[in-house]
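Next come two complexes built around chain A: one with chain B, the other with chain C.
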Partner chain A sequence: MSIVLRLAWRNLWRNRRRTWLTAGAIAFSTILLVGWVPIQFGAYDIMINATLRVFPGHAQIQRPGYQDKQKIRNTINNAESLATSLRGSNPLYTGISVRAQGFVLLSSGTRSYGAQVVGVEPKHEGGTSSIPGQVKEGRYLSSIDAQEIVIGRALARNLKLKVGDEVTLLGGGKDGSVAAAILPVVGIFKSGSNDLDRFFSEIPLHTFQNIFSMGSSAHTIVIVGKSVDEQTKLISALNNAISDRSDVIVLGWEALIPGMKEAIKIDKVSGFIFLGILIAIVIFSILNTFLMSILERTREFGLMLALGSRPKRIAGLMMLESALLTMIGLVIGFVIGTALVYWAHVEGMHYPGVEELAEQFNLPDMSRIYPQMKIFNFLLGPITIFVATNIAAWIPILRIRKLEPVEAMRTI
Partner chain B sequence: MKGQSLSLLTTLGWRNLWRHPRRTFVILFAIILGVWFMIISAGMMIGIVEQQLKDTIFNLTGHAQIHHKKFRDDPAIEHSMSAPSKELLAVLNSNEVKKWSSRIRLPAVVTSERESRGVTLLGIDPAREQGLSFIGKPVVAGRALESIDDKGIIIGRRMAEKLETRIGKRIVLMMQDKNNEVADRGFRIVGLYQAELEATELAYVFVGLKTAQKLLDIGNELSEISLLTDSRKDLESLVTSLRVAAPDLESMSWQELEPLVVLTMEFYEAFMIYWYFIIFAAMGIGLTNTMLMAVFERTREIGLFQALGMRPSYIVGQVLMETLILLIIGVALGNLLGWFTTDVILANGIDLSAFAKGTEQFNMSSTMMLTLRTNDLMQINILVILLGLLASLYPAIKAARYIPVEAITRT
Partner chain C sequence: MTIQINKIVVNFILIFSFGLSLPCSAETINAAAIIKAAMDQWRGTTSHSTMSMTIHRPDWERTMIMDAWTAGEKKSLVRVLEPKKDAGNGSLLIDNNMWSFSPKVNRVIKIPSSMMNQSWMGSDFSNKDVARSADIINQYIHTLIKTDSIEGHKVYTIQSIPKEDAPIVWGKEVLRIRDDFVMLEHTFYDQDMKEIKRMLTSKIGMMGGRMVAMQQRMAKLETQNEYTEIKILTAKFDIKIQDSIFTLSNLRNPRF
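Let's turn to the complex of A and B:
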C-alpha cells in the first residue's frame, strides 16, 4: 500500500463517528438511486407491455392512412395469407393475428349502444392480446367462423346482457350495404381498461368478413415481439418481410399509441429532475463534513507544508480521502439497495390502491411492479454520487493551496 | 426553564451558530433546499390532483347531482325523473346552492355522411350551464346553443374530424325513445367546442334540453340535475336536505359520484408524507453531522460550563436551541423561496404542451398548475422542525454526558 493511501485510510478513521455518518448519508442516497431508477424503468416496462398486450401489440401492418382514419373501406387484401407467410418466418415474432374492425350499434331486447366490433382469429388472438385470457364469464370465441360474440363487462351491463343472450349488430359493410346479424353472447371480458370494457366486442374473423362484406380482406395484422427492447429489430424485420407488398405499411407501438411515449418522457424528465434536487440536498448535507475534516486540520497541513509537502500532494491526499469515504458509502448503499431491488424484482412490488388508480389512467393491471434489473440502471445512481461528492470535496481542497505554513500552524 | 434562562439559551445558541458562518451557511442551504423541495413537490402533486378534481367537477359533474335511483347504475331512458318538485325546487333555489341546471344525459349514436360513433347526448339549458360546467363557454367555432329549444347541435372539434364533418353539415342522432323505439333525427352542426382532453370531445354532443325531450318524447322528464355550491367541502347538510326534499330520488355529492378522484387524492396525500421523510433524511443526516461536529469541537467549553455548575438539561437546551434557530431560519427562507417559485416564477403553471399527447394519456391538463395549501405548508414546517430537533437530540445528549474533568483536559 502506498504511503498516501495508508495516510488517507488512517485519517478517515481518526473521527469514526463522522466518517460513519457521512458514509451513511452517501449510502442512503445510493440506496435511493439504486432503487429508484430500476423501479422507474420497471414501471415503464409494465406500463408499456401491459398496455400493448391488451390490444395494440408491438407493431401493426395496415394500409397507409388507416391509423388516422379507421375507415372500413381501407383494407389489406388477402390479409390472412400475408399473416400466414409471416408466421414462423422469424423467431422475433411471438404472436401474429389478423383483425378487422368496425363500428356497430349493439342492441339487446330493450337497449342499444354504439360499440367497436373486432373480427379476430380466435386461434391466434391470444398471442397478441390479453383479452382472450380475461374472459370472466363464459368462454372465448371457439373457431374462426363460429356465430358468436364476446363483449366487455361494462357494455354487457349497460345492454343488460348475460352469457347466452342474443345481441343484434347493426352497422355499415365495406361496400356500403347494411351489415346486420344476431349473435349469441358466449363470453364477457374485463380487460382492466375502462374504455375497452365499455366499447368493445369481438367476433370471429370470417363471421366479421361475412357480415361486413369484406371478402378475404382485413384491417390490421398485429405483431407481438419478445419485448419492447427488440422493437427496432422487429420493425426492420417486418419491413423486409412486406417489401413486396407496396400497399401496406408497418407501424410500431410509438405510432399506434403516441401518448404513451410522451407520457414516459414526461415522467422520466421529471423523475430525473427530482432525483437531481435530492442529490443536491445530500451533497450540501455532506459538504460540511468534508469542509470540517479539512478546516480542523489547518494546523496539520501547515506542519506538512513546513516539512516540505507540496500543496498538490496534500490535495491529492484529501481527494483520496474523500474518494475512499464515498466508496465506503457507495458500497454499503449499493449492497443494501441491490438486495432490496432484487427482492422486489423477485417478489414484485405492490402498492395498495394502485389498481383503481391504474384503471383511471387507462393502464391495465399495474398492481405489481418488477424493477428492471439492468447494469446501466444500477450504475447510473452510484456514478452520479461519486462524481458529485468528489466535486464537492474540491471546494475545501482549493483552500489548501492558499495556506501559509507559519500562519496555518498558529491556528488552533 | 424560566424565561430568563430561555433568553440566555437563545443568545448562546445564536452566537454559537455564527462561530463558523461558513458551516452554518452550508447546512442552512441544505435545509432551505430541502424545505423548498418539499414545498415544490407538494405544490406539484397537489396541483395535479386539484386540477383533476376541478376538471372532474367542471366536466358535467358539479358538486352534487340528483338522479333517478337506478340511473347511475343503468343510464337508460326509463330511469328518467320528473321535473323537480316544489320541495326540491325550494332547496335548489336556496342560498346554499349557487347554480343548478337540469339535463338529459343518454347514450346515442351519431352518424355523419361517412362515419358513425357512440356518444353521450346531453340536452342542456345553455343559460344555466354558464359557470356550472365547461359547456357554458366552450365554443371555438360557430355559435353556442342559445336556448333550450335551439334546433342545432354542438359537437367536439376532434369529433368533427373523426366524423369528417363540419359546421353547417347535418348529422343524425339515433337513440332509444320512451317506447323503446329507435328515435332518430337530423341536426345541423352549429358550433364546435374544445375541451382539454380528446376523450371529452369525443364523448359528448350537446343539444337544447327541450329539443332532446321532444326527440325522446318524454315531456318534462330529466336525466339529472347538477348543482354547484360555494365550496366543494362540507356538502353533507346540503345533500341531506336534498334527500329529504326528494326522498324517491338519489342525491349524491361529488365524493360519492367520483370515488376514484377521492382515492387519487388520498393516495397522493399519503405518498407526500413518505416523500417528506425521504427528503428530510437527506438533509437530516447533514444536520446531525454538523451539530455533532459543533459539539465535538466545543468539548472543553462544555466541560467548563458543567464544572461551573450548568446542569446537563441546559447543555441539551443549548444545542437544541442552536438547532431550533437554524431550523427556523431555514424553514422561513425555504417557505419564502417556495412561495416565490410557485406563486411568482411558476404562477402561470408549467407548460407541458410539448408533451400534449403524453399528458392526455394520463388524463392530465397540458399546463401543470402548482397549488400551495396552507395545511401542506404547516405539515412541512412542523415536520421539518420536529424531526430536525430529533436529529440534533443525539449530539445534544452526547454533549450533556461529557464528564467535566475529562472534557476540560482534552485538547
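Let's turn to the complex of A and C:
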C-alpha cells in the first residue's frame, strides 16, 4: 500500500503546474464555501437576534388566541406574579418582562394619530427589548407607576411633540369603558424600525393598568434567552414552568414573527443554489484535469499493465492521486478561509446591501455581520467538495479498465 | 374603543335614519326613490332620543345608555349617560368630521380621517358605515329586485351597487324596507358578493308619533354570537333643536 501512496505522491508532482492549478481551483472554491455558509448563517443570526431584541423576544407567554386577535380583554391574570416566579428559575432566561398592549388615539393640540401603546415594567423591559436603550432624547420611563410616556421619533414628529410636552391618550379599557389620560413625554426613541418609530409608545405597566382598567392583568410575558440556538430548550423549559397554568400558552419567535422564518427559508434556498453552482464548477474542473492527465499518461498505463499491474491497482492509484490532490487544495483553502472567517468573526464585516436588509427585517444596527463559527458550517463545503471530486474522478478512471496494454503503449 | 364606541353610536344614528318610519305617501315607487324619499324626509327633521347599546361577545357583554340629537343627516351629537364610569363622554359628527370628548382628560379630540376610514376593529360596524348614509343616494345604483308583503305591509327589497368610482368597500348592499319606510334588514356584501354582515330589525313600534325600528342588531354572518344591539328607549321627532347644540363648546360643556 505504501508503494501506491509513494507512487501517487510522486505522480502528482511530475506535472507541478497542473497539480497546482487544480489544487488552486479547489482551494479557491473551498475559501468561498468556508466563508459563505458561516456568513450566511451569521447574517440570519443577526437578523433574528436583532429583530427579536427590538421587541418580540425569543418567546412570549400569552393567552390562547391573543396572537391572532389582540383583544384587550384577552388577558393573563396576575401576570406580574407569574413573571416573578419565572425570573431566576432557570439560567436559560436572560430577560423576562410583562407587557400590556392597547391601541389608542394619541393627540396633541389639533393633531391626532392612531398608535400602539404598551405598558411595560421599566426595570425589566431593558432585558427583553432594545427600545429602552434607544431613547435619543430625554430619558426612559422611571418607575412602574410613573405618569409618563415615551414615544417613537416619527410619531413625535407627526404630533409635533418635544420632551416635556403633554400628550392625550384616548382608547378603550378592558371593561369597555373609556380609557383616557394626559401624560408628559419624557423620552423619544429611535428604534431603527420605521414602523415602531411611527406607531409606538410605551408607558409604565401600572399606569397602563389603571388607565385601561386592567387590574393586575397583562397581555404578554416576554422572554429572551441566551441565543436563538437554545430556542428548543427555552421553549420546553417555559412549557414546564407554566404547566400549572392551563390558561396560558408559550409561543416561540417563529410563531410571533412567521414572516421572518419564511424569508430566511427563501434566502437559504437561494444560498444553496449558489453553493450548488460553485460545487458543479469545481467538479467539472477536476474532471477535466483528470481526463487530461489520464489521456496524457495512456502510454504509462499501458506499460504498467504490460508489467502485470491489474487495472484495479492502477485505478486505486488514480483515486489516491485524486484524493491527495483534493486534500492539498482543501487544506490550503480551509486554512485561508478559516483564517478570514475568524478575522471577520472577531472584527465583524460590512457588506453592501446590508442597509436594505436591515430595513426589510426591521433591524436597528446591523452594519456588521459576524459570521457564525460552527464546525458544521465550516465542514459542509469542504466535505461536499471532497466527496464530489472523488466521485468525479471515477469517470476518467473507468477508462483505464478498457485499455489494451499493447495498443496503449503505442499511443504517444 | 371610546372612539369606536362613539362611532358605533354615530353609525347607528345614521343608519337609523332609514329605520324610522316616514309619512310618505308616494304611490309610484322606484328603488332610488324609496331610499331618496327616506333620506329627504329624514334630512329635514330633527330628533332627540335615548337609546341603549349592547355590545355582546360570547364571554363578555356591556350595555351603555346614550342620549342623541340629530339634525338632518349631517349633524349629530351623542353623549353617554351610563355606565357612570363613562358618563359625559361624547362625540360630535358634522359631515364626515368627528370630534370626541372625554371628561377624564377634559379635552376635545378630533378623530383623524385616517381613522374614520379604517375598518372598525373587532366591531360589528365599519367606519365606512358613517360615510355610507350620506353616500347611499349618490354613490350607489339602486334596483328594486323584489316586492312582497309581510303582515299586511309591502316590503321592498332593494339592491344597491356602488358606482364604479365610488370609494365604497362593499360589493353591494341589500336593503329591505317596509312600505311605511321602516327598514327591516340591511345586508352588506363584499366585492366577491359574499354576505359579510347584516343588520336586522327585531322590534318595530310607535315612538314619538312615528313607526320606528325599536330594536336592531348588527352581526357578522360568520359570528352570530358576537353582535351589537341598539334599543330605542325614548324618541322625539321634529322638535326644535338649536344649532348651537352641534358645536365643540357644547360637546365640551353640555348645555343641553
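Following the convention adopted for this analysis, the second predicted complex is superposed on the first by the 405 of 412 C-alpha atoms of A that agree within 3 Å, B and C clash if a C-alpha of one lies under 4 Å from a C-alpha of the other, contacts with A are read in each partner's own complex, and residues count from 1 in each chain.
Assume contacts are C-beta pairs under 8 Å (C-beta built on N, C-alpha and C of every residue); 3 or more make two chains touch, one makes a residue touch a chain.
Everything quoted here is computed from the prediction, not taken from an experiment.
The superposition on chain A brings chain B into a clash with chain C.
Touch criterion not met for A:E347: it reaches neither chain B nor chain C.
In the superposition on chain A, A:E404 makes contact with neither chain B nor chain C.
Applying the stated contact rule after C-alpha superposition, one finds that A:S112 touches each of chain B and chain C. In the superposed pair of complexes, A:D247 makes contact with neither chain B nor chain C. Touched residues of chain A were counted for both chain B and chain C, and B has more of them. Contact with both chain B and chain C is seen for A:F103 once the two complexes are overlaid on the shared chain. In the superposition on chain A, A:T22 makes contact with chain B only, while chain C stays out of contact range. In the superposition on chain A, no contact is made by A:E230 with either chain B or chain C. Applying the stated contact rule after C-alpha superposition, one finds that A:T168 touches chain C and leaves chain B untouched.
In the superposition on chain A, A:A180 contacts chain C only, with no contact to chain B.
Clashing C-alpha atoms with chain C appear in a single stretch of chain B, chosen from 75-83, 147-155, 219-227 or 381-389: 147-155.
Once both structures are placed on chain A, chain A residues 69, 71, 103, 105, 110-114, 171-172 are touched by chain B and, in the other complex, by chain C. Here chain A touches chain C in the complex through residues 69, 71-73, 103, 105, 107, 110-114, 168-173, 175-182, going by the rule given at the top. Residues of chain B that touch chain A in their complex: 22-23, 26-27, 29-30, 33-34, 37, 41, 74-76, 107-109, 114-119, 162, 164, 174-176, 180, 182, 260, 263-264, 266-267, 278-279, 281-290, 292-293, 297, 352, 355-363.
Within the complex formed with chain B, the residues of chain A that make contact are 17-18, 21-22, 24-25, 28-29, 32, 69, 71, 103, 105, 110-115, 157-158, 160, 171-172, 199, 257-266, 274, 277-278, 280-282, 284-289, 291-292, 296, 353-354, 356-357, 359-362.
Residues 1-5, 55, 57, 59-60, 62, 80, 83, 85-86, 89, 100, 102, 104-105, 107, 109-112, 114-115, 118, 121-122 of chain C touch chain A in their complex.
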